[in-house]
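You will see chain A twice below: alongside chain B first, and alongside chain C after that.
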Partner chain A sequence: MGSVLTRNVLIKWAPLIVLIVLVLFFAAMEPRFFSLRNFARIGISSAPALMVAIGVTFIIIMGSIDLSMEGTVSVCAVVFAFAFIAMGGTLASFAWLALPLALLVGAVVGLVNGMVHVWLKIPSFMASLAMGFVGTGFALLLTGGDRVRVQDELFRSLLTERWFGFPIMCYVALLFLLIGWFIQTRTTLGRNFYAVGGGEELAHASGLNVNRVRILGFMLAGVFYAVGALLAVGRIGIAETATGSNFMFVSITSVVVGGTALWGGIGGVWNTLIGVLIVNVINNGMVVIGLPGYVQDGVLGLLVILAVVLSTDRKSVTFVK
Partner chain B sequence: MSFIKKFIEQETISRRNFLLASAYGVGGVAASSMLGGVARAAISDPTVAWSYRNRTNPYWNEIVSGGEAFIESLGKPKEFLTHLINEGSSEKSLSDVKALLSKTNGELALAIDTNDAPNARPIVEAVAQAGGYVSTIWNKTDDLHPWDFGDNYVSHMTWSDEGPAEQTARILLDAMGGKGGVVHLGGIASNNPAIERLQGLKNALKDYPDVELLAAEPADWDTQKANQVMSAFLTRYGDEIKGVHCANDTIAYGVLEALRAEGIEDMPIVSYDGNPQAVQLVAEKKILATVFTNPHWGGGITAALAYHAAIGTFKPSEEPNAHREFYGPAVFVTPEDAAAFKANYIDSVPNYDWKDFWGPTNGQIAYK
Partner chain C sequence: MTSKTMTAVNFARIKPHLPWITLLALVLIVGIADTNFLRPVNLVSMAADIVPLFIMALGMTFAIYIGGIDLSAQSIANMTTVIATLALPSYGIGAALICILAGLAMGAVSGYVTTKLLVPSFISTLAVGGVAFSAAQYMSGQRALFMDATMRDSTFGWMTGVTAGIPHEIFIGGALVLGTWFLQSRTTFGRALKAVGAGEPAAVASGLNVTRIKIMAFALSAGLAAIAGLLFSVKLSGGSPTLANGFLLPAIVAVLVGGTPLTGGVGGVINTLIGTLIVAVIRSSMLYFEVDATKQQMVFGLILIAAIALTIDRTKLRVVK
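And then the complex of A and B:
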């Protein structure tokens, strides 16, 4: 029994160990990596990605996949920026209403996404990918290819104001991480995600409305994408069609690297936090130690495979599709 | 939804043209190969066409709006310009041109980006064969030259970014006081402009022995990526960084925000492209210089060259080579002239003299 326990414990903590090893490795290569200011920089680049990754974590726990994040983030960012500017352009006015509006837009996109997937019986992979394209196209239609600048000092304090060395956006991300954790562990919906992912037929036979859980899952993911969009706009002060770019790769990779299995039922938001940090530490570390640009992508790919090998329990599955 | 209607109409026409062209083709090829191309005097009223990728890209939108401005300068409605949209397909580009040549019986003044370099030769040959006139931009192979086609291949224009990037680099290095460390954030590593813009910086650095190029990383023309790369640079080099050379404006936006997050407000930065937002930042002295390639003028003058060659305003074969293959304009925008530039180019579009074909160009193309 003792050995089984050790193995389980090891697998549970493997992602964190990978993260610590990476940090120590980069710190050994370049001492300046290991500084509060650099951790704050990693925090800034992680915060929006973490929100998007938490959103997709719920979907992956259900055993589905959501690839609509790039389109959803762009739409939320652009709608937020237009509404924010139209309603006064500063948080000190009614323009703060643009914040909940963006979350609402995210929820609506997620709802449509879920309905297309469930009602039209299109695999989540295809339905969400297609919705992502629709989102990107819609954002392009709204902006006409232009970028919208959000310059309000109050809103930008997400980036510029620091507490204990970290900008406010890191604390906002932390707050939503805790909300995600609460949903995952303390709500029926959160536990139902695991039920669906662990065995959909069983869940259905037990009287669970699986379709409803799925649709709510996509809606919830949409809200988290919207939070990610707001932090992304806060980070660079620009909303555009390209705001959502790259989020797909970063978020899916982070979720998997963090130890949440793509076949569902395993993992959670803390795994995702570790996963996002692993990916961003690798990205930041490679530049910091001066790895040439042309090998960075290749090294990132290899490290991701290595991290997945180390941090997922592959013994529990007989085959991988 | 009028653009959809327009698109369908356009597709219908080009399909009809294609059918006509196929019918013509068999006879036409036989006839033209016997004659060895149609030799004709000036065309009194040629059809003017622009063949390009599509209009959703802001750059091509500027190019085409220049073409329309030229048409309007002729006293015609801008609908007179025929749009051949290739959507990134060289095959469609070629078949559309052939169809239009048949429809117009070769009475065509064509401005075109052939989508890729190898496609330029069949296009030029088809136009020359039919007795039309063509001016190309951006894409052609190095062995294809306008002067090998008499008057029919009027001109080719492209842009070299190496020289202008070198000049902005000098502005940057001077602002740094000629010493300290500089970092470069580039475009997608394999893109030609990305390579040329980095090379421009390297050329300038030869004259500044006390400046060290600390690092050059691709930021993929992407604001968010640039933001993250710049943050990592700040960790690695910290205060050693005294200046930033950006491959384009979108990269500069990300760099500015990465610096802002650290409370750094006065870092010298230069960029490229002359986007309106970047020009504004130049006026505010947040960016020291950017370069504007004037796609509006480029689109207009390319159509104008083909048109005026067709109606006989000038005879291309009597022009020097520098008037057949040349670099497009590069306008520098610095804090001193940013306000004037904004007023002249962004807030209002200047009225160009579409017969001043070569004034703003930048010398004959040099092959390496």
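And then the complex of A and C:
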């Protein structure tokens, strides 16, 4: 009993402790790390990743996985940019309608994703991976490989306008984090994610429409990917097929490192915030102390393996595919 | 027997033959539309072009055959293009050996992480792929590298030469498919592989060393991906961390279209041969019908979904996560 308690307590607090240790470590290595300017930099790189990671958090809580984010983010970014420019190119005009449009596109892509997974009974990792390829392909089709520039100053103020040292996009991300938290704790849908992840057959037996919950989960994830896409476009002012690249690896790593178990049922959006910060502090810190940027993928790879290993209760898992 | 079960029975009987029927139908359709297509010269060059992809798909077959997946294949191939280019001046033909060993080792790590650390293969291979990508960037100094032409021709010229009008790539592909076919159907390892793919708990219960078999399957997958990277590198006379990008999707498609389901246990390397040819024919038909190259990825993504949905064995999936 005692060992179970320590294990659970450890798992619950380990991510936060890791984050604090990392911050202290990098600050000790290089004092410039511990500055408002640098924290703002971490915030800027974390904001889009956080949105995508929160989206996939809901899916992972259900015990499924979504690998479609790269395609979905690209499609949302490109559709947004085209619509935004076509409708006037500034937030002060009707072009603001491109914002809800992007969210709608995200929801539709997620809906299709969920339907492919649930109706065709294809395991989610493969259904979503394939849909991700389709999404990237679709974004490529729309742009023809070109970059679409979004230069509206009002929209770019997501990055340029700062409150207390942090750009607006960080506050937008925070707002959506709270929305995610609200969905997770205060809505039936949010509770149902945990029910499905905790034991699908039990959830089904107690009268829950599991398929509906799954499809809604993928839709919700799609909306968060769209928010991530908007912030990503706001950050660099460009929408292209490659807008979504790298989000898959980073977001999955963040969620798992944050302590949401791949097996479903535990964790949540706050874990994901910690996870995203851990990943981005590592990325930023490595550059600040002078390590080359390309070690990131390798470090993330080791990190995700370590996190899955630590969060797996070896007694309850017999074999994995 | 109702008509519905009749159709189900008939479909089950036709299912194993679907891949080659599809291939034949596609060849006929494209052959009628484009008379140039069926000219031997065209067929031979089409086959030679697809060989690197085919070799990667051969490897992927083993990972999927045991019910897993190898998402690291593309990164491994990328890494070996760099290793091959760097090792050629000092080690000559030994460079090939280094590439293959590097691939086998990375695959064994994926296998170990999957079986011993209980990390699902789509995550473990994604993570190992990240490590391979970092390694490739580190070794290449993030540049595209080029092979010395004379050195390449004297060491690896035999790979890309032509004998009696037949490019040597076809011989290499042929030798590998024969070798892997022998391994799969004439050795105890192959039998064990089938047992694991058909039902892992039963394989464990009957005393097979499932862990070792699965590690070997992942090692084979990455080892063949490394050979694919080596051949590709020789063909293009150079290496870079992104040279083989775009291989992953068609490689998975080739395996699944060939009739090896995501749930494993049936199919095999001959199926992958047929699947790769289907991919090749679709590709060249898209060229002929002037389908924009930017649409290819979308088309293959959709084909992937269709192929999974048709081949997957749903009786093996109690719950589709």
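Basically, the second predicted complex is superposed on the first by the 281 of 321 C-alpha atoms of A that agree within 3 Å, B and C clash if a C-alpha of one lies under 4 Å from a C-alpha of the other, contacts with A are read in each partner's own complex, and residues count from 1 in each chain.
Here, a contact is a pair of C-beta atoms (placed from the backbone, for glycine too) under 8 Å apart; a residue touches a chain by one contact, two chains touch by 3 or more.
Owing to the predicted nature of the structure, the values given are computational and were not obtained by experimental measurement.
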item: Touching partner for A:Thr160 - first (chain B), second (chain C), both, neither; value: first
item: Which superposed partner A:Ser45 touches (first chain B, second chain C, both, neither); value: first
item: Which superposed partner A:Gly237 touches (first chain B, second chain C, both, neither); value: first
item: First, second, both or neither for A:Phe80, with chain B first and chain C second; value: neither
item: A:Val287 touches, of chain B and chain C: first, second, both or neither?; value: first
item: First, second, both or neither for A:Phe26, with chain B first and chain C second; value: neither
item: Partner chain in contact with A:Arg149 - chain B first, chain C second, else both or neither; value: first
item: Partner chain(s) touched by A:Val308 [first = chain B, second = chain C, both, neither]; value: second
item: Touching partner for A:Leu300 - first (chain B), second (chain C), both, neither; value: second
item: Between chain B and chain C, more extensive residue contact with chain A; value: C
item: Footprint overlap on chain A, where chain B in one structure and chain C in the other make contact; value: 140, 145, 294
item: In the complex with chain C, residue positions of chain A that touch it; value: 63-65, 67, 116-118, 120-127, 129-138, 140-141, 144-145, 200-201, 248-249, 252, 256, 262, 264, 292, 294-302, 304-305, 308-309, 312, 314, 317-321
item: Chain A to chain B touching residues, read off their complex; value: 30, 32-33, 35, 37-38, 41, 44-45, 140, 145-147, 149, 159-160, 167, 232, 235-238, 240, 242-243, 245-246, 283-284, 286-290, 293-294
item: Interface residues, chain C side, partner chain A - complex; value: 66-69, 71, 113-115, 117-124, 126-131, 133-135, 137-138, 142, 200-201, 204, 210, 249, 262, 292, 294-302, 304-305, 308-309, 312, 314, 317, 319-321
item: Contact footprint of chain A on chain B as seen in their complex; value: 56-58, 186, 189, 215-218, 222-225, 227-229, 231-236, 238, 253-254, 257, 260-263, 277
